[in-house]
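Below are two complexes that have chain A in common, paired first with chain B and then with chain C.
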Partner chain A sequence: RIMPVRWSRYSPSYLEPEVKKESYQKSFEELTEEEREEMELKAVRPIKAAPPTLSSSVFSDPMICKFTNMMMKSGNKVLARNLMSQTLEAIKRKQVEKYHKAPENEKETIECNPYVIFHQALNNCQPIIGISNITRGGKTYQVPVPLTDNRKRFLAMKWLITECRDNKHRRMLMPEKLSQELLLAFNNEGPVIRRKHVLHKMAEANRAYAHFRWW
Partner chain B sequence: MAAPAYPAWVTRWVSGQWRNKKRPPTLRPPRTLALADKVANRREQPTEATCITEMSVMMACWKQNDFSDTPCAKEIKAFYDCVAKAETARKNQNEDTLSSRGNLPSSKVNKLLRRFPQITRYV
Partner chain C sequence: QLDRGCALHTAARDGLSSVSSQDGPAERPRAIFHTSESDPAKHTEQHEGRLYNIPLEEVKAVFPHGLPHRFQQQIQTFNEARVMVRKPALELLAYLKGSNLAHPAVRYLIYGERGTGKTMTLCHVVHYCSRQGWLVLHIPDAHLWVKNCKELLQSSYKKNRLDQPLQASVWLKNFKTSNERFLQEIKTQKKYMWGKRESTEEGRPLSEVVEQGLARVRSASDAVGVVLRELKLQSHRGSFRLLVAVDGVNALWGRTTLRKEDKSPVSPEELTLVHNLRKMVRNDWSGGAIVTTLSQTGSLFKPSSAYTPQELLGKEGFDALDPFVPIPVPNYSPREFESCYGYYLERRWLQHEKARSEDGKAELQFLSGSNPRQLDRLAGPL
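Showing the complex of A and B:
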């Protein structure tokens, strides 16, 4: 696992901390050759301090952490985390209400797990192809370009957050609006999905310029 | 009598230009007649864009199905596979071997020539 960090104060000999409990429960014989070498290396080298966001619990989810970090304003992680947990609670409440009101045959189709809803909504919001500005002969063209996974996830999360911050009722709070948007995205409706479709339409309209790419 | 074909030197001698002590053209090269240690900078042609066919197939599918992702899942998967392959090929290509068109860029050629310069004098 490589942590891309610009100016790390650690010397290169420091190793990353291992957080997963399963790796410590394996007995010595089950390990492969590489894992034994790694263990011997870890006995000798110093280890970096574990950051507070790194957790070994089963309930921690890297996507949720990334989303909370993006929602955070001026370092107020406490507020962002509370908002996130309230959002997940709101999603669960809405889905459970729907579940109890639905007739018997539809009860299996309703998804109640907010984490599943969050992941599926994010997947539905991710654009498949992006647009980049390329200058040729003085004119800038919008060229359709494939995106990396990180960029797709970032765009999906960014669209969700800006959508929730801008287009809402004056007194509506963030958890409620976010839960609304996530449920709409889960069903492939809503303004974020529409924004994704607009991007795809622009890419499709400019597909003649695809040859301007050089990578 | 047909026009007699004399060799060229005869015509030139007979014309009398050499009697006025016309010197043969002296070579005055503007630069030294030796191979330089660098090549001229050549504009590298940009490589072609990858995965265009996959992209156009995917866009045709989108046009038919109103830009929804579920009916086009196969085309999208093909596009992603193509993109991943192109990415790995780009990372693995070694810059010091010849490019796909069989040319080395001028910077690489200059680096090589600097390692083995032309010997201008013996010491």
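Showing the complex of A and C:
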């Protein structure tokens, strides 16, 4: 028996649900030809059930959702989401406090938006080139390899989470540690950025084996 | 620039929420939802829905222990303490202004659903009274006295009672910071024995009793009892006006989670602090007022949907508090919601780009249901 693990149980005729409010507020005449055809198709075909993570809120962010899912342990999404919101609040608190205490001319340089800080920190942590193990003649070589966007994002988030879980004081809570790491990564400092640099150096050192890659 | 008001009390300047009113053109133009009226005595209907500022030195002096934790974090972050003036607080202030101090103390009970601003209303009233020069007896949360107590000592004064030295000493320390000048003026009327060797003579200032309680932690609960007794006996003379402000008064008549050494449960009467506080909340003294708040959040063995006085106080508590003036505290009205939302935007607390839009505002109002606590928690990560 084949269990659908990465496959979908839906047959191909099922369409994705439409969540954005704006698309339902347009009247019929404003739609272009393709959109009219799409609407007629949706009237006939069945639609998949909306997953619980899909939200029509203006405040939802796909990167934050992905990060929350990676932080989740044994399916406890409630806890992961609370930790994420506490982290964002902690970042915002620190920055807003700094903002209100700073003199007038420095106020513009301080970034208070936790989402901007989060995205910028993730961007700074993403490696450009990765390493893959290739076995030739019994020996395993570390070969430098280009990475896809998804893989880069995944590595950045994974490094952040493992760093926060391992190298912290016994009594320090996850939101506080995560907010510290994100602020350091935003300024291009900290252990995660160092790990990215170490990976780049390894790839540069193993340049000679680059021709082992066949893809 | 700001109205200094009563020059006597430097400590009790801060008020809870205050609404701001637009002053004359000489004022630097703050937004419509702020008010520069930082004296609660002058707050009127026109100030409703606006936020007033409490100078930070006053906060430290008047509220060493009264404010909710999240509000303290907010003061730390924004570098200022702004409280919103709301209708229940204005109602209470009007009653207090018109009260006759020769009559027995009137009891006011602030009740409402979870997170609607009962504690903040209480703090507003405490600020007003300390500005007016009253002696404020503020118990921040009576629930802290009936649960999570590490040390319970057998009371030396009465056989069946149990003392709580830690809680009593913490409270005495905070009481001292907020009411320094009164402690020098009020004198004891009886000789009190602390154990076999130490005693306080008649006619000594109350600050000696407080020092004794702080120095000898074992007798701290008895010191608290003495302070309460003295204040009650002397308040009718008129040299000072007494305000008893208790947050979470339903803890005094509920059950406790504490156990004696033989694992039998402790009922609240057996705790000295609770026993003395119950005597204080009775209306057999004159020369002041008693303002109390119900609280489900810290309460023990009560369902989370209970918010009315009958449910939370139980039969015993309701009969003990019986002739009281109930003051319900509702959720934010649309005007108050606008004011709070505008304040968060102005202080750079709502950082999400979409939070500034109409959609974001409508979503915040819907998700929080205009409940102040939910709005605060939702606006945190945004």
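Here is the rule we use: the second predicted complex is superposed on the first by the 209 of 215 C-alpha atoms of A that agree within 3 Å, B and C clash if a C-alpha of one lies under 4 Å from a C-alpha of the other, contacts with A are read in each partner's own complex, and residues count from 1 in each chain.
We adopt the following convention: contacts are C-beta pairs under 8 Å (C-beta built on N, C-alpha and C of every residue); 3 or more make two chains touch, one makes a residue touch a chain.
Keep in mind it's a predicted model, so treat the numbers as computed, not measured.
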Where does A:100 make contact in the superposed view: on chain B (first), on chain C (second), on both, or on neither?
-> second
Considering only touches as defined above, state whether A:128 meets chain B (first), chain C (second), both or neither.
-> first
Have a look at where A:161 lands relative to chain B and chain C in the superposition and call it first, second, both or neither.
-> neither
Chain B versus chain C as contact partner of A:15, first or second or both or neither | neither
Is A:213 contacted by the first partner chain B, the second partner chain C, both or neither?
-> first
Listed in rising order, chain B residues that touch chain A in their complex are 46-52, 55-56, 58-59, 62-63, 67-69, 76, 79, 83, 90
Partner chain A, residues of chain C touching it in the complex | 73, 76-79, 347-349, 351-355, 357, 359-360, 363, 380-382
Touching chain B in the complex, chain A uses residues 124, 128-129, 144, 146, 188, 197, 200-201, 203-204, 207, 210-215
Residue set of chain A touching chain C in the complex reads 21, 57-59, 84-86, 88-89, 92-93, 96-97, 99-101, 112-115
